[in-house]
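The following pair of complexes shares a single chain, subunit A, combined with subunit B in the former and subunit C in the latter.
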Partner chain A sequence: MFALLLQEHAPEHAGETAGKFDAGKTIIDHVSNSGLDHPLIHLPTIAGIDFSVTKHVFMLWLVAAAVFIIVTATIRAYLKQDRLVPTGFMNALEALVEFIRDSIATPNVGRKWVNTYTPLLLTFFVFIFSANAIGLIPLFDVLGLVNHFVIHADEQSFLARVVHGGTTSTANYNVTGALATITFLSIIVAGTKAHGFVKHWMNLVPHGLAWPLYILLIPIELMGMFVKPFALTMRLAANMTGGHIAILAILSFVFIFTEMFSQAFAGIGVGLAVSVPLAVGISALEIIVVLVQAYVFTLLSAVFIGMAIHVHH
Partner chain B sequence: MSEDDRGAPLARSLESFQENIRRSGPVASVGYALIGAILLCGGAGYALDSWRGTSPWFLLSGLLLGIIVGFYELAKTIWRR
Partner chain C sequence: MNNPLVQPDPGLYIWTIVTFLVLLGLLAKFAWGPLLQALDGRQAAIRKALDDAQQAKTELERLHHESAQIVAKARQEADAIITRSRADAEALREELRAKARAEADGIVKNAERQIQAETARALLQIRHEAVDLSVAIASKIIQRNLSREDNERLIDETLKQLH
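Our next item is the complex of A and B:
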């Protein structure tokens, strides 16, 4: 519902609304995906699905490519050394791998399956963390400033489209939904690998109850299967969107006060006294949230996989 | 964790941190499962309502179902041990 709301507002631009500052519209315009009528790259519609690249898809590809290239290059360079001593970025990467393996994977999935599920959990963590963190860096906003004052790109050009605010791809429900679908499937795969296909589904419900209870319990358990990944989806996307909205809302006080007293001095005063310090504080909080959300997603995926492996009633 | 690390304070605190995580993980997930179930079932009910034009019956039963599923997940986690 919220995603629909966002999409409805996306095509309208805040700057064009008769000179009056509309905080809600500006914020929604900033955090939402670009509308399908203004995609970054036009691609044909295949089988009823529009494959045009929007802001969030572009960010997603950017993050995925960056993570893939950086991690692969680092590890290739590390393996080429004569003595396997990690240096520089490899040190950090190694610490991260060890942290995920020892404090997320091992306690939840158990020693037997650690090497099977650590790669998946690491991929989750590194990707989500990078996507969240890049969303905090105003890459495209800086590019937009440069464009505004120096380059003056054509309104229809790729550059002019891309600088309509940077975005966090993990703030889109579709991205987190896809990630949670991977978790959902890996729960089934984990249970099947550990107990066999039929036994995994039988493990879902408690054993040894009167048969009328099963008529009630089986649908509830099946619903519960979908609820867990759904909660993962909502939490990650909502957290990433929420932080951005909070920062933008506080910063828009400057413009609201300027308009209210119709002089720039009031706005600047409020900005210096309230908005900027608060926004800095929330940005600092966001850095923690970025880490914690990546961690929580990884941890809960590990917990769910572990619950499918170690069934106890 | 290897044997010779055991005395170090940092290693010990990391160990207890891991233990806390291991125990709090399922409980942390269930809080979200409760609200997630209500949102998911309620949303599905709302979608069915606006599709079939039967407001508010699917929404109400969806919410009820969501509450049942959410509390069932909660109860299952709490009474596990």
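Our next item is the complex of A and C:
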């Protein structure tokens, strides 16, 4: 609740700099990546690709580092024991590992490949879940407030730049597209490992049909190959963007009403009566969405990999 | 395409793939791999423990059955031994009794025979004594050739002497 109230102030900050409050611009600024024209760390452009570290790259690294440290430290501490008794956080982690192994990996890829693909699926889940979840915590909005009122960092400083841009890297379809590309490549690797390279491509279409059907089927199956990761990309990015936009739009009422009546009272009244309760509700919903989307991405990846291994038409 | 929400960003795309693959490699090597191995190991250990318990139970049941069999057999044997020893004792007693009876009979017969022999000997001795006495009496009578009164006196004297 407190965090949301703080988040409520953040658009105010953005609105002030623009002179007049522009809800659309503020929302986009809070959801999208920080622009390549003002990256956090300037890196050279190689073959026309700008490798500069933007906010979302920074968030990816932050999430990856946090996930690696927490997961590895917990598992290492657990495995160091003489008798393997899980305690504390390890209980949750073990439940997650066993859930993904036994309920997602095993039914889809089968017993033979389960230990090959479980690490991939586990990494998908913890990485996507953590990247989704960190967007629910208004870390950088608080940091922005502290900067605005206390630190007054220089506009060009790292601190002043890091508060701009969305914190949810998985709301960017470049990120989800990259993750879906991993799934896409995993499908090909899985099929090739299970059936051999040529056989995997032959498996795309059913055998023994009349040849005119293949004229129809081959393009459809080739399209399907790309539609699967495309669906993964859009589903995750859109879900992650949608909730945040909804929360920000509802919180924008505070500033829209303030401007409309030229009185802070109107905005605060609307904020306490409508915006905050609704935003709390949507945030609660977001907690579910964050979990479900990580689960869905993992599950569908497992299903697609499984389809390449166990071919049935 | 001015909306930053749909701005293609190949740099971010490649950074994501690199970040994810590095994270995957590190986690697979240091976290997931060892953990999955440990979980498999634990699963195997639990399965083995359950199997062992089942085996121990079967073994215990077998031993129980066996021991019951052994006890039953021992009881049967003990019964047989008791019956046999009772019969043996009976037979022995019978034998001893018969032997004792035979021995007693032998002793009695022996005693009778001895008594008979002693009696016969005594009779013979008495007979000899009588003969001797008769001879002595006769010789005395002949020696003295006395009167009837003397004779009677003599017989009385002799009888007195005999006593």
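The criterion applied here is as follows: the second predicted complex is superposed on the first by the 293 of 313 C-alpha atoms of A that agree within 3 Å, B and C clash if a C-alpha of one lies under 4 Å from a C-alpha of the other, contacts with A are read in each partner's own complex, and residues count from 1 in each chain.
One rule holds for everything that comes next: a contact is a pair of C-beta atoms (placed from the backbone, for glycine too) under 8 Å apart; a residue touches a chain by one contact, two chains touch by 3 or more.
Just so you know, these numbers come straight off a predicted model, no measurement behind them.
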Joint occupancy of subunit A by subunit B and subunit C, clash or fit: fit
Subunit B versus subunit C as contact partner of A:68, first or second or both or neither: second
Contacts of A:119 with subunit B and subunit C, given as first, second, both or neither: second
Which superposed partner A:235 touches (first subunit B, second subunit C, both, neither): first
Where the C-alpha centre of subunit A sits as vertex, the angle toward subunit B and subunit C in the overlay (nearest 10 degrees): 80
A:220 touches, of subunit B and subunit C: first, second, both or neither? first
Greater residue coverage of subunit A in the superposed arrangement, subunit B or subunit C: C
Nearest-approach distance, in Å, of subunit C Cα atoms to those of subunit B in the combined model: 9
Residue ranges of subunit A in contact with subunit B within the complex: 1, 102-104, 107-108, 220, 223-224, 226-228, 230-232, 234-235, 296, 299-300, 302-304, 307, 312
Complex interface listing, subunit C residues touching subunit A: 3-17, 19-24, 26-28, 30-36, 38-40, 42
Footprint of subunit C on subunit A - complex, ascending: 28, 31-33, 35-36, 48-54, 56-57, 60-61, 64, 67-68, 71-72, 75-76, 78-79, 84, 94, 97-98, 101, 115, 118-120, 122-123, 126-127, 169, 172-175, 177-179, 181-182, 241
In the complex, subunit B residues that touch subunit A: 1, 14, 17-19, 21-22, 25-26, 28-29, 32-33, 35-37, 39-41, 43, 46, 65, 68-70, 72-73, 80
